[in-house]
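For reference, chains read A, B, C and D in written order, and residue numbers begin at 1 within each chain.
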Amino acid sequence: MINKQISSIHEAVADIHDGATVMIGGFGEAGSPIELIHALIDQGAKNLTVINNNTGSGHVGLAALIENKRVAKMICSFPRTANSTVFPELYKSGNIELELVPQGTLAERIRAGGAGIPAFYTATSVGTPLCEGKEIRAINGRDYVLEYGLKADFSLIKCLKADRYGNLIYNKTARNFAPIMAMAATTAIVQTKEFVEIGDLDPEIIVTPGIFVDRVVIVANPLLESDLVKAERSYP
Amino acid sequence: MINKQISSIHEAVADIHDGATVMIGGFGEAGSPIELIHALIDQGAKNLTVINNNTGSGHVGLAALIENKRVAKMICSFPRTANSTVFPELYKSGNIELELVPQGTLAERIRAGGAGIPAFYTATSVGTPLCEGKEIRAINGRDYVLEYGLKADFSLIKCLKADRYGNLIYNKTARNFAPIMAMAATTAIVQTKEFVEIGDLDPEIIVTPGIFVDRVVIVANPLLESDLVKAERSYP
Amino acid sequence: MNDQIIGWSRDQMAERAAQDIPDGAYVNLGIGIPEKVVRYVPAGREVIYHTENGLLGMGDTPEAGQEDPELINAGKRLVTAIPGAAYFHHADSFAMIRGQHIDICVLGAMQVSQNGDLANWSTGDPDAIPAVGGAMDLVAGVKTIYVITQHCTRSGDAKLVANCSFPLTGQAVVSRIYTDLGVIDVTDDGFKLVELAPGVDFDYIQARTGCPLLAA
Amino acid sequence: MNDQIIGWSRDQMAERAAQDIPDGAYVNLGIGIPEKVVRYVPAGREVIYHTENGLLGMGDTPEAGQEDPELINAGKRLVTAIPGAAYFHHADSFAMIRGQHIDICVLGAMQVSQNGDLANWSTGDPDAIPAVGGAMDLVAGVKTIYVITQHCTRSGDAKLVANCSFPLTGQAVVSRIYTDLGVIDVTDDGFKLVELAPGVDFDYIQARTGCPLLAA
């Protein structure tokens, strides 16, 4: 019988190894799997390459993972936002590497990684410093830059409802990177607010079919990053 | 006010020009927009390039469009199926061109066309006659073939429900190529079984957001290709 | 010996292949005999069938009165969807295939070579209409490729051969072959017998194989 | 003249830009002043706002008590969804952008050159943390790019220049610029004045522009 449910968040992230590439869902706090990130901090894996659109806020969640020196390299489109001081300080002191990728190219590289497309051409970044050193090719009279698919060892994502097959649906704009990160990771680890019976999710509305999901853990009342930042909390 | 509803199928296809490239949804009869195809036959446009997974059955729908000599070229993965005699006869007599594309490459080329990706690499067809003359590139030790995005002037697709913004949902495996063909065509023309009020479709379950759709026409009781084939009907 | 009564039937070939599909596997079934595999999941196992026209969680043929012409498989036959199924579009469906998310694909074959090359889409006959469907995508993307096929053609020619004479679907992609006469693995040393069908002995199957077969 | 009282306010710039968005347009709004455009759809028009984090049909700020921290825009501000809205993932969202399905994008700017080059992501300062977000995707993919920006920097430097000194976001992408001082088109002959804000005359706006401005 297929049952992807894992009983604890700590068990769900137990095998993330030093040096792993980890995609973390979320755009700002929307969709951020904060409990899984905190479990990863507890677990201790270090020298990680992390792929997320941003670098977290305050001293919790992704920012805490970075602050605890677990991240060797960030691949993201926008590493500074309101309340993000952790990444900038480490970056300025040369203690963390940054691969800056335009947001749409980042999304498409992740989708390509998950879809078995090793590389594709896009017009984004042509004529800018971000295409320096990359292959440029003219196709039908326009210049495009070659970009490569991105894969990960693990992805940590958050959803609204899941079943034991790993079928997922999301809440509003918390969907963002989660479906493509589930596709692009060898092991996709999901925290869900609700766990439902097989057949409860209409097959017409499933956003992430279970084939892309490996582990599901229930976090019925997830913390909100903005609440923790406001309360000046830090993790651990 | 945005209202993409068109009152008649004939009006919906009126501007399809001779020589146009037309994507037609459906996999076999599932999702085949048979009324729109028949309206296109009535309309008379010829010398068309048609993109569909197959070449139709019997003497109705896509097979009838071909039989009526409107199609100069088919781009498809599987041009012969049970009850398909029209295409094979024209092909053998040299009266229709064929571009044979593996089904997944066809789907990805259409998705790429719609997503603004001019070209991508895939392992499909490497080492087979279908990659002859194409660029092969080794990426991370494996050979891949370069394939180009596909676009169309028009797409003809079928859905279950639509609203005046052009938001669409589908029925079961009739979804198949429709969402990506809506994306890849300059003008996406949709026949829907039901037309619903704005807000009736939950924003979480919309498969094709209205931005990809140009015209919606109601066909409340669409014909079934298999019924017509069984009854040995032909069109017109 | 009589070809009619020894070896496995089409259903038995499908049933035998089903034994090798582990619990929890995601499996795509090609058109023809492979379609029958869906019926033979061994007791206690849960297998999720994918059909490339946009369904994960494909079930068997619908009961009379339950048919929906818009719920079909890749062979365009009427099917059902199991509880827990999901529908998606063709690009997402082939992302599952190309992205190596499907564990096993079971396909038919015209020829398989001893290094695992598969030919199953064209005889190369210039008068034939070429048709490939999703076969090239499946062999390029799915982790493990099984083949179910009659051991020989109707005219008695070997389908397991040293080198395919027909145009390839993919190079060195097949892992295991289920025929009416037995189960054969593709190994680094060529074809290797795994199991004989009832009433078949090694000499019988070797005589009908186009290149050397290693004993089990 | 006093810089504080002539010209358009931030809201007026957004309102002016909104006049140029036709009925039925699909529009993406950048972070900052462009976000305000959502409030100023002229009467009788229906405009669909896209936010690249996965929503088509973005509405204005929610009323108190209606906020959902998982319903935000690209600037990570709380928003609403209009009836007829749709959610989707990031790759699908940028397919709308890259695939030229969005009609108009309204962005902020650090500099715009007379041929329409846009610089809005980096000053090139080696000590700064580079951050690009979706700006390069938007300018490469959206059919028409509008810019809303203060005409000059806080220190009084021109933002409309002959050539951008900052690293580019995209080459020759901007069509029209809305500033606190007026509306300027990018034409084949360079910047061309379209309209002056209240209290601004041609000499005033020309003096604050880094290259020649063609009269309206």
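The rule we apply is simple: a residue touches a chain if its C-beta (ideal position, glycine included) is under 8 Å from a C-beta of that chain, and two chains touch if they have at least 3 such contacts.
Quick caveat, the model's predicted, so the values are computed rather than measured.
Participant: Chains in contact with subunit A and with subunit C: which ones?
Facilitator: Common neighbours, subunit A/subunit C: B.
Participant: For the chain pairs B-D and A-D, which is connected through the larger number of C-beta pairs in contact?
Facilitator: Counting C-beta pairs in contact for A-D and B-D gives the edge to A-D.
Participant: Just give me the whole-number Å value for how far the CA centre of subunit B lies from that of subunit C.
Facilitator: One centre to the other, that is 28 Å.
Participant: So what's the Cα centroid distance for subunit A and subunit B, whole Å?
Facilitator: About 34 Å, centre to centre.
Participant: Quick one: which residues in subunit A touch 2 or more of the other chains?
Facilitator: Counting only residues that touch two or more other chains, subunit A contributes 108, 111, 115-117, 122-123, 170, 172, 203-204.
Participant: Where in subunit C do residues touch two or more of the other chains?
Facilitator: 55, 81, 87-88, 91, 94, 97-98, 141
Participant: What topology does the chain touch graph have (line, ring, star, complete, other)?
Facilitator: Per interface graph, the chains form some other shape.
Participant: When you check every pair of chains, which ones turn out to touch?
Facilitator: Pairs flagged as touching, ordered by label: A-B, A-C, A-D, B-C, B-D.
Participant: Which subunit B residues qualify as touching subunit A in the complex?
Facilitator: Going through subunit B, the ones touching subunit A are 108, 112, 115-123, 137, 139-140, 142, 144, 148, 169-170, 172, 202, 204-205.
Participant: Show me the residue ranges of subunit A that touch subunit D in the complex, using the header's touch definition.
Facilitator: Checking each residue of subunit A against subunit D gives 27-31, 53, 77-82, 87-88, 91-92, 98, 100-105, 107-108, 110-111, 122-130, 170-180, 207, 224, 226.
Participant: So in the complex, which bits of subunit A are touching subunit C?
Facilitator: 1-2, 111, 113-117, 163-165, 167, 183, 198-199, 201, 203-204, 206, 209-212
Participant: Per the contact definition, I'd like the list of subunit C residues that touch subunit B in the complex.
Facilitator: Subunit C residues touching subunit B: 51-55, 68-72, 76, 81, 87-91, 93-94, 97-98, 122, 127, 129-138, 140-141, 167-171.
Participant: Where on subunit C does subunit A make contact in their complex?
Facilitator: 23-24, 26, 44, 46, 48, 50, 55-57, 81, 83-88, 91, 94-102, 141
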